[in-house]
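To keep things simple, chains are lettered A, B, C and D as they appear, and every chain counts its residues starting from 1.
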């Protein structure tokens, strides 16, 4: 493995653009976690001794920070180990608590697998899952939604922002459609990639459930949140020692929670124009420098401020990823070759990309750790890498 | 809250003995986690770029370390977010994969709630749960086991060491009884509190499933392991993006895993005689200095090397915990008053403790961070604290 | 979160736990009562010295076999009633006590209830052979009934616990 | 873990991906063939220059529209066969290729299979109008059939993908 890494040599620059798959961490969030481990907050917040109280205090303050940013009550937030767990709890847990005969669930066809798969599992329990189609830029088909939401609709799950192509939905309009058709229908939103990218005023939006993840906003891994609107019935899906909030068993991971709150504060406060500028520079430069490239997802204000997703025709995505890795640029692809299941990204398929378009896709997320020089480096290297691979390809464009 | 903590003043010494509820961390394990966050291993180990490969390498090496200590194959270990999750996966996941009509599950009456509760949940699916009684020191009733294991027994779950009273079961004998009665019966063992306290040669023991937790061996919080014997059928209980091992969805928390492996190495290699000596000194001194005290759990080699559990009659456990906290000593109690559900510890009830005996129980875990001076301090302070509380009590002994 | 997580103790609770007032038996008490809580199995005794002439509480004390909150609640309650009339005392609620303490965590409400229960019982005991004043209802108040029920349940519970096989304990496991 | 996690690429794979040998069209090839993989949608072309007299491979090259493993496999395969007899070449297996590469991850086995598939097809194409040598089975070998099936499936698959509504893409979303 060392050899494998050694082959990379010493690229003149390293640019990490793969935070969609695994996030970097803010040094301050890491520090906060370490401090909590070392000084206060390593205890169990439910135990009545000083260390427990200190831990409780850290938990309390962290939750206050998060609930203020999200404009919720603290009591509406439940910690999980990540958005995967939050999505599972939202969908499986609310179905568990569902005692009526509304058994239809609508999920958009471009949701993250941690939304789609739990929903599909509910088919075993007699639920009917309907996938909501999207248009070529990933926007929900509102007309479809209008015809499908009815008295039988138990839950609708649509993310504010798509994780792969960055589409920002008009969530307010969508929720209004759903609630108007059936005010009892629960609305869940996987906001793992939305925190800090759109203003999520949970108090004002008519949302019932929303999932968040710390590492998606450059906090520690292994911690997430589920927002559960006050009064909503939901049951735990795993069982054990009661934590303070009762819905996810086990002692809270207070150091990770403290780091999460710290990251939320930093990411929320940051001026994100810089990210936006880098995003557009990267997109526009590649589109104009390189032939046969396609932008996946919308342009402009309807696109997440940190999302870049381009398809390079006539080359295979994993090959580009490896090629870029050798240049010190780290991204990911929706190509079939990069996934364990050897299927191209379901998101790219849903927006109607052809096989060969999905095949050459590259996903890059601009982070607060990137600067303009990074982007210039990427803009310089991508065309060369793509050109080399195209020269190897039996299929040439034109 | 600051005031609350301030009231403690500056005790002349602070001794943390509550690692049963929330563990401390080895500075080296914390460093390893931090290093992984900062340098190598912050990526997704399934992605084919340098950062992914580095992460894969950290994952691979960490798993090698853990599997060597446990004497398993690496492929038999699956990461979860803790023993709570591992126990849930073991019990709910193997039941999910169970396609035959063996529907009886036996769990000891002193298991951790994260074993008992998932098992009890399976009653909804037609499983019958049988609790195995224990004797006054917490040892499994083998005769009962012999009469109850039969052709219908799907799974038996018994921990190698009890988490509250430190009883070390004769696991080999127990497993032999079970497997002799029905070789198809799965045997699960919640080894969260056993790692490093008994030698668990998973390869030799006829175990099918075993759960572990990092913070129980002074590694980072939020990571655990399930050992799954090769070939055993088990299904995921949560759903999402495939991780490398397919049974727990989501990207692996590599920094926490690296810290876990580091802690395992240190705790496994440590000379534990020191812990044993401190344990016995604490037990013997209190038993001889203080009236009306009861040791819960066995003595000597059949007791976990770090477990001390004493019942102080005529005082209430939570009051002792708060009293000790003011002296800088942090422990926990099996008293009803300390639990959110206001019931005394089910473990103490199962070993036949009277209500008032459970009521005054105090659980202390000796850790590698304690030294003899700590123990001397505790030995000096406990009798005084207990005496003060007894002076307040309307019920006096004798 | 405050709705779901019981807030930990206030500094006042801890302060009073550390330095409780009016603890121990009151030698010259002219009434006393005990109460127990099912919820947790705790017990409390209240001792009152009542001026028979004007029904003022001259002195009060407590003993507690309970948690830190219970000790603090008993302590502050005995402080609150000293020098007060019996009628005033009868009407003290556990909420008042909780407020005086700077708030009790939700799971600890019953610790205050327990203290009030013992207090009322002590007052009733005082009037056992006497004419009831008109502020004192003949019937048990709902709170008192509640306390009684709890005590009965405790008995049932601890009998149930007794019934489970009780091994003899090896003497080396027990201090004198 | 090695059983469940596909081991990442060997250094050899990366090395050959970075500096592939024998890439591009071979001008004076006297046979060529293409093969595609259903598993991932990748494609590969193999070009051979065969000495008609002694059936030795004088030169070989490839083109790949595939992943890094596929490029490396094609590269090493063309190296392995240069100067070798057609009979020897026919019998090269994807396992041999994988071994030469220092092992392929499980999910990448088919990348080697694809390379071998294209190679065999090129050899068969060479003998199309010629008398088959006795080492060359008349019937398609199981591997070749497998490859054929995969290709048919690819067609089906990509037709299926075509059928889903294909929006016109705004030109500003597309480079020239």
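Keep this in mind: a contact is a pair of C-beta atoms (placed from the backbone, for glycine too) under 8 Å apart; a residue touches a chain by one contact, two chains touch by 3 or more.
These numbers were taken from a predicted model, which means no experiment stands behind them.
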*Check A-D against A-C and say which one is joined by more contacting C-beta pairs.*
A-D
*If you average the CA atoms of chain A and of chain B, how many Å lie between those two points?*
33
*Cα-centroid distance, chain A relative to chain D, in whole angstrom*: 37
*asked:* Based only on mean CA positions, could you tell me how far chain C sits from chain D in angstrom?
replied: 84
*Whole-Å gap between the CA centroids of chain A and chain C*: 53
*Indicate the residues of chain D shared as contacts by at least two other chains.*
8-9, 68
_chain B: positions in contact with at least two other chains_ = 1, 4, 48, 52-53, 56, 60, 318, 322, 338, 340
*Determine the shape of the graph in which chains are vertices and touching pairs are edges (line, ring, star, complete, other).*
other
*What chain pairs are in touch here?*
A-B, A-C, A-D, B-C, B-D
*chain A partner contacts - residues on chain D that touch it in the complex*: 6, 8-11, 14-15, 17-18, 20, 23-24, 34, 39-45, 63-68, 70-71, 107, 157-158, 161-162, 164-167, 169, 172-176
*asked:* Per the contact definition, I'd like the list of chain B residues that touch chain D in the complex.
replied: 45, 48, 52-53, 56, 59-60, 63-64, 67, 73-75, 77, 244-246
*Which of the residues in chain A end up touching chain D in this complex?*
1, 3-4, 6-7, 135-136, 286-295, 299, 314-316, 318-319, 322-323, 326, 335-338, 340, 342, 344, 349, 352, 354-356, 359, 391-395
_chain A-touching residues of chain C, taken from the complex the two chains share_ = 1-5, 8-9, 68
*Which positions of chain B touch chain A when the two form their complex?*
1-2, 4-5, 8, 16, 18, 21-25, 30, 34, 37-38, 42-44, 46-57, 60, 81-82, 84-85, 87-88, 92, 112-114, 117-118, 120-121, 220-223, 237-242, 249-251, 253-256, 318, 321-322, 324-325, 328, 330-332, 338, 340-341
